[in-house]
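Report on one structure; see the data block that follows.
We just call them A, B, C and D in the order they show up, numbering each chain from 1.
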Amino acid sequence: MTRGEAAKKREEHEVEFSRIVAFSDGVFAIAITLLVLNLHIPKELHGESVGAALWHERESLLAYGISFAVIGRYWLIHHRLFGEVTGFDSRLLGLNLFYLAWVVLVPFSSEVIGDHGSETGGIVIYAVNLAVVAVLGWVMAADAHRAGLTRLRSEDEREYRYRAFFVALVFTASIPVSFVAPSVAPFLWLALFLDPVERFGVGRAERSTG
Amino acid sequence: MTRGEAAKKREEHEVEFSRIVAFSDGVFAIAITLLVLNLHIPKELHGESVGAALWHERESLLAYGISFAVIGRYWLIHHRLFGEVTGFDSRLLGLNLFYLAWVVLVPFSSEVIGDHGSETGGIVIYAVNLAVVAVLGWVMAADAHRAGLTRLRSEDEREYRYRAFFVALVFTASIPVSFVAPSVAPFLWLALFLDPVERFGVGRAERSTG
Amino acid sequence: MTRGEAAKKREEHEVEFSRIVAFSDGVFAIAITLLVLNLHIPKELHGESVGAALWHERESLLAYGISFAVIGRYWLIHHRLFGEVTGFDSRLLGLNLFYLAWVVLVPFSSEVIGDHGSETGGIVIYAVNLAVVAVLGWVMAADAHRAGLTRLRSEDEREYRYRAFFVALVFTASIPVSFVAPSVAPFLWLALFLDPVERFGVGRAERSTG
Amino acid sequence: MTRGEAAKKREEHEVEFSRIVAFSDGVFAIAITLLVLNLHIPKELHGESVGAALWHERESLLAYGISFAVIGRYWLIHHRLFGEVTGFDSRLLGLNLFYLAWVVLVPFSSEVIGDHGSETGGIVIYAVNLAVVAVLGWVMAADAHRAGLTRLRSEDEREYRYRAFFVALVFTASIPVSFVAPSVAPFLWLALFLDPVERFGVGRAERSTG
């Protein structure tokens, strides 16, 4: 019996399946909302104005914006993947949990880079965390695809892989740069706004809607 | 192919659609609940009574009440909007995420105004945050309406716009006031309890139930 | 047109209705989970053992247990009420939000009583908060019942009222006691384990399952 | 009338039932996500590098990993149990709430063991918390099974019991060890990666999919 045959069919276990999705959504929603706890203006300002205190928080605010965008994007990808999932087994559930464990770390990394964004160590922690999420997202998609648990066509799966590789590449590339020029490294992340599939047609499937 | 035709139809993707709604609800629910973390009575009171310590927290308690009411109201509006949505595409999802990023900031702004409510800077941060949420809510509604992704009639859309403009106006108007008389500015927000559509019939649609 | 006729019917707006319920559940779930943030053992113990530090936290642990049980019980009551709701309007939504605003305060009150459980002020804050939740829960049930928005029979509604009054009474009664003998007042709350309807048949409806 | 007959049938109260499940999932999702709040790198490092500060957090990171895995596993078990539940009454709801109260304590215990992992007291708190969750999970399953509220066959129930006993045994066994050799005790928990049912066929039901 193959994994695909042994797996629980989604249509026969709709309640159980939607619980997995709801749990994942809950974790994403909480992780993205906890980002706000990294923002603080001290109660005692010692003569400083509130505006000046906000200006001191600019790196944390920037980290909030980037992390919200990145978690949001990962959520959209997760959302699209599970929209195509047709069956699940304990391995997919295990991979999903492992993936979520790295998503939940983002508020921590985001706090670190907000406080230490100009230091190599801060950038490395953040970049490693987000690269791992991208790679694990792809591993989950590829594993489910290979096991016959998705409706993904091979071209779709390839598109996934290219996208995940691109995100992981951007974050990984910033690591060596952070050792040489820590203040430059975060600017590399702007490349994330490019979409290699949309822009260069790399590994493009013919699907029209996404 | 227009955006409306390219978008995923809600009735064909009910599970995916309800995930978007559930994720948004989760973010709203967490943001509204995190407001409580801004309330504290110190463990060590140095001879002060608990009642006196609570009295010192009165501005934070007020901020809690206002922020809870405002997030709650925004949630009701979001709730009503998505009740009329008939399709979704990546642009609506993106706008929704951007909108939520500003909703999640409210616990931060609320902490700031609880601690610095009598200073210009504290009032400006709070007013800007809430005005942006109101405007973005309207942008999302208008954009979805124009793209044919909602069942909203033009009159309903106009009602939306008036309401959002009114909320944004109240918060924006308090900003210049806060430079002249910071202690007066928050009282302007009481105007939010007026509903321009209900009260003055501005841009009123003939709909009977809401 | 009566309120009951003007309200949205639940069966026609199942998605919208389940969003309200899901949002309320989310708020309950987050509020009950945030209780854990009130528990702390310092990182630096200055020679004290971990066990001794836990013993110093005993009042906070007790507050955690009581608050978890009380929020859990309120959730069950909310759960049962909304299981009988057949329609909703903006007034029910508004009351529900106001009710939730007081539920969300419980982690704050719980922290206060954990730190100041032997002082009058700490007990009053906690007792007032929980009495208000009980009363608001009943107001919401009674209002929905009167407007014809529930399937509740009059006997059921009476049962609700007795239960809510009993909980509110227990908490209210502990307030004057806390002025005379603060260390005795919390013991009155043990009376909550009595169920006036089950035990004394006060206002008992003939319903067999609950 | 037996408990099974008096209980509400799941298929007749699908909305109410799914609320219980959604509430439980929410609590699990929040508890697992709050684990990240135990991780911190100070803002002021006094000349220390970020990497060195992360190294000082290694015990907290390890505690994060273990706790995420354990809560995740408990969630999977809860998930599977409620997939087989066919009816519910107030006793099952009460047990579920009591069970969740111990799940929500895990972020606290996890913080304690992250800070005091080499001391007997820290290990005991963590081990007791997780053993209690395992035992309560089994009590809930057994009670529901006995009352005829599940589709579980007796063999499945036996499998449940063996798994829960094994987890509880591992945590309980580490307690005496922690008094003699606190640094060794946590290594016993690696035994959790063994699955007594899969590995040794103890109490194995003939079911093929899990």
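Quick note on the criterion: contacts are C-beta pairs under 8 Å (C-beta built on N, C-alpha and C of every residue); 3 or more make two chains touch, one makes a residue touch a chain.
Bear in mind the structure is a predicted one, so any value in this text is a computation, not a measurement.
Student: Of all chains present, which has the mean Cα position farthest from that of chain D?
Tutor: B
Student: I'd like to verify one number: the distance from the centre of chain A to the centre of chain B, where each centre is the average of its C-alpha atoms, in whole angstrom.
Tutor: Centres of chain A and chain B (C-alpha means) sit 26 Å apart.
Student: Suppose each chain is reduced to the average of its Cα coordinates; what separation in Å results between chain B and chain D?
Tutor: Result: the chain centres lie 37 Å from each other.
Student: Of all the residues in chain C, which ones touch at least 2 other chains?
Tutor: In chain C, 22, 26, 30, 34, 37 touch at least two other chains.
Student: Among line, ring, star, complete and other, which one matches the pattern of chain touches?
Tutor: The chain contacts form a single closed ring, each chain touching exactly two others.
Student: In the complex formed with chain D, which residues of chain C make contact?
Tutor: 18, 21-22, 25-26, 28-30, 32-37, 39-41, 43, 45, 49-51, 53-54, 64-65, 68-69, 72, 75-76, 79, 83, 208-210
Student: Please output the residues of chain B touching chain A within their complex, sorted ascending.
Tutor: 1, 6-8, 13, 15-16, 19-20, 22-23, 26-27, 30-31, 34, 37, 89-90, 93, 97, 100-101, 104-105, 107-108, 111-112, 115-116, 119-122, 124-125
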